[in-house]
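Think of it as A, B, C, D and E in the order they're written, each chain with its own count starting at 1.
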Amino acid sequence: MESLLLSAIIFIPFFTALIASILRLSYTKLRSFSIASSLIVFGLVLFLAMQYDPHGGMQFVRTVDWIKNYGISYHLGVDTLSLVLLLLVSLLMPLLYLYMWHENRKGYWYNMLLLQSGITGTILSLDLILFYLFWEMMLLPIYIMIGRYGNGKRQYNANKLLLMTMLGSMSMLFSILYLGYTHFEVNGFWTYSFEDLSVLTFTPSIAIWVASGFLLAFAIKIPLFGFHTWMAPAYGSSPTPAVVILSAIMAKLGIYGIWRFGYTLFEEILVRYSYHIIILALIGLVYYAIVAITQSSLRRMFAYASGSHLSLITLGLFFANIYSWGGSLYFIITHALASAGIFLMIGLLYKRTNTIRIKDLGGIASQAPLFAVFFTFFALSIAGVPGTGGFVAELLIIIGAFKYDLWIGIATASTMLLAMLYTFWMLQRTLFGAVGLATQGFKDLSKKEIVMLLPLTILLLITGIAPSLFIPFIEPWITITLETISQNIGGL
Amino acid sequence: MIPEQFFILATLLFSIGLVGVVSRRNLFIVYLSIELMLSSVNLLLVTFSRLDQSMNGTVMALLLIAIIAAEAAIFLAVIIQLYRSKRSLDSDKFSQLTQNKGQL
Amino acid sequence: MILLSFIVLIPFLSALILGVIYLYDPNKPREKLYATIGVTAPAISATIALVIEAKLLSMDASTVFHYTLFEWIHIGKFQIELAFMADRLTAVMLFFITFIGTLIHLYASGYMKGDSGYGKFFSYFNLFMGSMLLLVLADNPIIMFIGWELVGLSSYLLISFYHQEYANVTAGNKAFILNRIGDFGFIIGLVVLFISLEGYGYTFEAIEANIGLIDHPTLTIIAILLFVGAMGKSAQIPLFVWLPDAMAGPTPVSALIHAATMVTAGVYMVARFSFLYNDTPDIGEFIAIIGASTALLGAIIASFQNDIKKILAYSTMSQLGYMFIAVGLGAYSSGIFHVFTHAFFKALLFMGAGAIIIALHHEQNIYKMGSLKNKLPWVFIPMLIATLAISGIPPFAGFFSKDAILITAYSSEHYTIWAMGTITAFLTAYYMFRLLFVVFLAPSIRDHKVEPLANSMIVPLIILAVGSATAGLLGIPEALGGSNLFASFVALPDKPLHILHSTEYYLSALNVALALLGTALAYKLFVRRIHEPLNNSVWRYVVVNKFYIDEIYTFFIVKPLLLLSKFLLYFVDGKIINNIINLTVYSYARMGITFASFQNGKVRYYAFYILVGVSFISTSMLILLGGF
Amino acid sequence: MLENSIFAILSLFLVLGSLGMISFKHTIFSAFSFLLAMLALAGLFALLENSFLFLAQIMVSVGAVVVLGLMVVISLGSIEKNIPDEPYKFYWIGISTILVIPLALLIYKALTSLHAHFQETKEGYGELKYVGEKLFAEWVLPFEAVSVLLLSAMVGAIVIARKEEYFKKENYFDDHKQPEDTK
Amino acid sequence: MFALIEQFYIILPMTIVLIGAFTLMILSHNKSFELKHFNLVAVLFLTIALAIVMIQFGNIPKGYLFEDIIGKVFIVDDFALLFDIMSITGVILTLLINTDYFHSRSYFNGEYFALLLFSLFGMILLAHAHELVTAFIGLEIASLSIYALVGYHKNNHVSSEAMMKYLVLGSMTGAFFILGTALIYGVVGSTTLNDIATYTNGHNNEESILIIVGATLIMVTILFKIGAVPFHGWVIDVYEGSPFPITMFMASTFKIAIFAIALRLYLIDFVSLHGQWNFILQTITILTLLGGSWLAITQSSIKRMLAGSSIVHGGYMLIAITSVGAGSQIAVPAIMFYLIAYFLSAVGAFGILSYISASGIKQLTYEDFKGFSERRPYLAIFMSIFMLSLAGFPSTIGFLGKFYIFTAGVESEQFLLVGLGITTAFISIYYYFKLIAMMYFYPKNEPQTPIRYTFSSALIVLMAILIIWGGIGSSLIPFIPSADALIDIAKGAINSIG
């Protein structure tokens, strides 16, 4: 049973989609199927989380030979990092289905189901080829969703997303191949399990190429500064569920990749060149935030905001100390919750007003106080106001930054200022002031929508008020991982 | 009489045939050029056959002649068919299969 | 001492309850319910606070009460508990926050009558109370910072309370963002402090015990950064511009937040970190200079304002400057004393102003008021007392606290600061009496129809008037025959003063004289007429428009930032980065098109390509085989 | 010596004939040049003492292929106006000649590496009998395959060349739009 | 040495194919037979042949047919049999998937099937040939039949034009093959691969110049048939001009047959000469990858795009061939696997195209596919699967194919080629996904026309399932072979040569 648990978590949505498509269900039945599958998965993930031992390293490992000739195996496992993301995905999915309640285009549902499988697979796979497989697989539904159900220049933007992401994937593939080959050369047998590959050592000049193959993929996914041209258009064109997944989960998978693979396969390179990446991420942090200020559309604005915060998470990752790592992991949780919330609300806004141009909005607060409260709450948690989880995460990362270097610390802390600028200016123009043309007769949240947003809100509050409930869960893993790295490279 | 003479001649013929294929637009002449190329191989084969005194080369040359004949059949049929469709044997006139301007 | 946590939690809880009730059905009028819950919560806090203060009074000066609610976070050596601490400094703050806070709540229950956002208002108000109490009671800097931020947030919510007016929201934003600039410095300071003392614990007590471990340059940096936080919160130069705009909120908000409590958080914080500032006298001096400049600037601007709330706002700023002079020069108890007395009379002034505004149907221009003395007697008398108090006329509260500060400045040989403070004292008297005379005594141009005021608005005024009159008596200095009960109670590490009693007398006399002079000037100018006495000169324009500081900020900071944002978006993002990628794609596509154009459909060309290929292969083969 | 003279004459005809074939404008002239070349080639076969191939070359190459071709050309009525105008013919010939040089050099270089010499022929070399022996023993498989080749070529040629009734069915769809006749 | 009866058993499939061709040729003159009968007959013969080959595969030791009489001319080993299986399957699929297409076009008749079978015979001969002249004849049989097939639609100008181009260029490059053969014969005195191998092993490079040059010239023909740049000119035009079934046949089956001889030559004949061609092959690989992707991205017709992309796929296989030269052990099975992968994907993609155009819809350009997913959701899904497989998207067999090829490239340290291969794979995403985008992202611009679900569509589904199976295998489900199965077969076949 336990050995099948992870596979079940990955494939239940996939098979739901398959069975539903074979049965040619109507959309209402498809909806029930999807929600049932997402709830089952959520239940399984909760069960998994209860069985999980935070001190135990990689758990629930399952290895089945897949392609023996090349040592590729179906190799799954879960540790804290993946469990955190897994929990987030499985939590978000039912909420998104709730959001999609009246969606009668069936392709939408199928794509969401496939997307969940792809993402969970990416999170859980420990074999590099398997990881690559899922990494690509999750791209496809997102691509279709943007191109088919999006808005604006959706086709163009979907292609842009696809091509940029694939560029990264391809470079990653090259590095994966090289790793596998090197292992074959050194040890005489093929394997793509990242644990086996992590023992390989390279000369720095080669390692930097291998590492940059991976890093390009992850940098595009995050996206770091310079690799972000797909970001705003894709976020702007995505339908709401897609954009929620994009910002809440998929962008984090870039971070996940660096964390899982970067810090095991070529930690030395990452530590040695951390300064360069930190500078890049810092530029991104400030740049995205400044660009976000004058964005005209809500989605694009939060796209840049998201980019800024993901740069912050990346920063936390590369400071490589316990505070910053704790902060980054914590920020993954809280930012996922908050950005999911905010993008869902933007979706609701769009449903009501048919526009997300900030200029057309205004005066929502006076007509729909509940909406305004939730919206403000999510915006504030994105900006990292105390009482929400975002603050804790930012604080930890900033502490980590100062531990790394004073000036970089100051630059990192500037996120607090910049986030405030765009958030509050946006709130002012969106919620307050006189009632705009588009916002006349703005309906307040319905019960279903409140149910959808409440879990996010409550979780954000709990993460903000009592982080001690969560930190013991993630700290052991961080401590162990940091120790391992520091042993491997002889001190951080 | 030394083999090199024949070698030079065969090489020359092959080259002339190749030049003919590339540079002429008259399909019939193109056909003849290809025949010339094949025939030059024939010359070579016969020379080798003479050199090593076995009949293998001769047999190969014979087979090659048969192949030439087969190709000739197809070629002539094609020429007839093409001439019927356009009243011309100008290979440049048969250039509809193109996308004049590449596009993205 | 679980009671400590109740003080904080009750307002939060009440805010939550009020919020939920309000959001459940925003349009249903439930003012009684809201008012009951909203006023009861701070009242309970106040009661508990009194109990705790009583206990503290009965014990010796070093007693500190602690209560840990739960561990907030523990990762690595970063261990923060959600814990509360009450020492005597806290007690003082606690006293006037809860006490005056309760009164203002009471006042607000009358003031807000008929407003559609009644429930929302009390929810925010209680949220503010909770946050402020969290700030004051925190036993470690991080929790204090959380309170600090939440205070800013609730201030934002309250300033932009009338959010239908765009300007109000802008004001709220301005307040929050400028506060956040301060917070930025504050949190950096705190983090540097933590990093410097990593592993030694991070409560105030632990920091105080280990402060010697930090080297002096770092300490200086920390001190400056922390003060930046105070600048933002307490509206010091250059971060003061939000305070006048913050008057956009309802008047009780101005009274509670922007006069009595929140703005003094900076002073409290510096006093809380007195052990740190005592080690960095340079920074103290810097703080004092900033304070003095702020005091003077605020006073000058206040003298030329028409809006009753703006005058009070600049006055607040000016008074905050005094407080920073005190804490900067190491006279922490004097600073806190001024905070204490100022809370009474400034709250009173604001509430009085609010009463007038309500009575005159939201009229805020003092020149459109006039001769209200008889129409609003119960406003006039408390306002008079408060004006006397703020102007430093003995024996009202302001005299003692202000005097103590100026004496400190003089005695520590900071004569410039002293001079600035003294001039400010003169100006204070002038503009306050100007306000009083114009509003209450000067002949009115038109006949006002005065709205009757609710009792819930009048009673707090009277209570505060009593406070304003008597609070100063707690701190009668030795020179005047007192024993400075207040200073000995708060027991802060003040720097000792070396000054003769005679000098003190002269200084006090000078202050009183100047105050009277200011009063007289105001009387001469305004008691008979109700218009601006000065001609329209350039200087006057400059002052009336607050030295154009807002505009300067807009021009040099806001505009460039927006321009930068647009520039980055349209040029860097849109042109450079996009074009690099597009150019790559385009050039590849161009190559493709060129290559595809070789595919011209003519068979001899194809044969030619084959020939080229064969030729290439032959050439390389020839070379490989060693040439011909 | 005699052999060399014959070789010289035959190769002259051969080369001239092939050069004429690729350079004449008129199809008929080219065809006749080619015929000449083929005859010369047959002569060379004879010079190489390969009597069987000499006959085969004349019969198949000259007799069948060229004459058949000429017949086709004539029957198609390849008269002046249908002959393509090739204004840049000699440029093309020039360029391709330059390009073909490496190939020729390569082949020649390879061939000269043989360092072979003609020896006296064995008894019966080039006779039909020996050819037949080889053909039906070692080379029987290719030989049979060639028959299939000829058959398939025949089928192909017939299919392509025959005129037939199109539009057998009503639901006729064309793969392409019918293009304009000329451009 | 085989016993006589065994020899007949071995030659049986080939004979059946040939007899089938004759039968069809004769039947085609009988007016009472209709197209579907011809189809049935052809499939019948081929199925029997396939069944026999399947039984033979793996059960027959390596040997030569009638060795005592004809020498080592006709080899029988698993390698050849595997290619037999693939070719015969290819023809069967070509026949079955295009059933609807045949019926919708008036110009198909009995000879068409005869020619297909002749061509198949040529390919089988090519796969078994262990002697260069036989190989050349096999190649010519296959090619000449295909020339005729390409021009089968006679009253269509482009069809004739395509035939003419293919014929002119094919014959021209065919001459290189026979010239190369002649040169090799000149020095070895024989043209069987064994003798050539013996000669090359026994002599140094100086003495093998003729063999090197001859092999190089043979390589020209092979490169031409693969469609390597700069021998690529014909590919797009001929693919476009031919009827769909022929395009499919050329793109999938014929390409496989070419690799049969190419690999055999490369693995046995010239085994000691690998190093000589590295530079040439590398250059041509680079040109092929770049040129193919350049051609593919610029096309607006799906058929032309697939033609362009088939050049790129040839380029990937050239990477592996170069790797063989550079000493990779795993390159040859990788090529075989890639052939299967490409075969499945191309058959599927062309199959759908022909299936659609059988109903009279001119689904030929990208534009025509707009809104296809709404009109034909299932076909759109399968088309997407084929496109994904061609693009090398993971979880399809196309990915594994590329993976093996690139691994082989990396193994022999051809980093430049692998990098370029990955880059072109990335570019191929653009033109394959463009079709997916067209199908899914745009509203339909034409009214819905009914398409019958026929046998062809079932085969398309089968192709799609095979592609997914080949990409994932079934590590979890028992009874179904895993993804390893194919590469194991390929390895086994390669070992049978050695």
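To be clear about the criterion, a contact is a pair of C-beta atoms (placed from the backbone, for glycine too) under 8 Å apart; a residue touches a chain by one contact, two chains touch by 3 or more.
Since we're looking at a predicted model, the values are computed, not measured.
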Third chains touching both subunit D and subunit A: C, E
For subunit A and subunit B, chains touching each: C, E
Distance-to-centre winner among chains (Cα means, whole assembly as reference): A
Relative to subunit C, chain with the most remote C-alpha centre: D
Inter-centroid spacing, subunit C versus subunit B (mean Cα positions, whole Å): 95
Subunit A and subunit E: spacing of chain centres that average the CA atoms, whole Å: 43
Centre distance in Å when subunit C and subunit E are each reduced to the mean of their C-alpha atoms: 78
Approximate Å spacing (C-alpha centroids) for the pair subunit C, subunit D: 101
Overlap residues in subunit B, where contacts from two or more other chains coincide: 14, 17-18, 21-25, 30-31, 44, 51, 54, 56, 60, 63, 67, 70-71, 74, 78, 81, 86, 91-92, 94-99, 102-104
Numbers and ranges of subunit A residues touching at least 2 other chains: none
Of all residues in subunit C, the ones touching two or more other chains: 589, 592-593, 595-596, 599, 601, 603-604, 607-608, 611-612, 614, 618, 621, 625
In contact (per the touch rule at the top): chain pairs: A-C, A-E, B-C, B-D, B-E, C-D, C-E, D-E
Of all residues in subunit B, those that touch subunit E in their complex: 14, 17-18, 21, 27, 30-31, 34, 37-38, 40-41, 44-45, 48, 51-52, 54, 56-57, 60, 63-64, 67, 70-71, 74-75, 78, 81-82, 85-86, 91, 94-99, 102-104
Interfacial residue positions of subunit C with respect to subunit A in the complex: 19, 22-23, 26, 70-76, 78, 120, 142, 145-146, 149-150, 153, 156, 160, 163-166, 169-170, 172-173, 176-177, 180-181, 183-184, 187-188, 191-192, 194-195, 198, 561-562, 564-566, 568-569, 572-573, 577-578, 581
Touching residues on subunit E, where the partner in the complex is subunit D: 18, 21, 25, 65-66, 69-71, 73-74, 104-107, 111-112, 114-115, 118-119, 121-122, 125, 131, 133-134, 137-138, 140-141, 144-145, 147-148, 151-159, 163, 179, 183, 186-187, 206-207, 209-210, 212-214, 216, 243-244, 357-358, 360
Contacting residues of subunit C [partner subunit D, same complex]: 604, 608, 611-612, 614-615, 618-619, 621-622, 625, 628
For the subunit D and subunit C complex, residues of the former touching the latter: 92, 96, 99-103, 105-106, 109
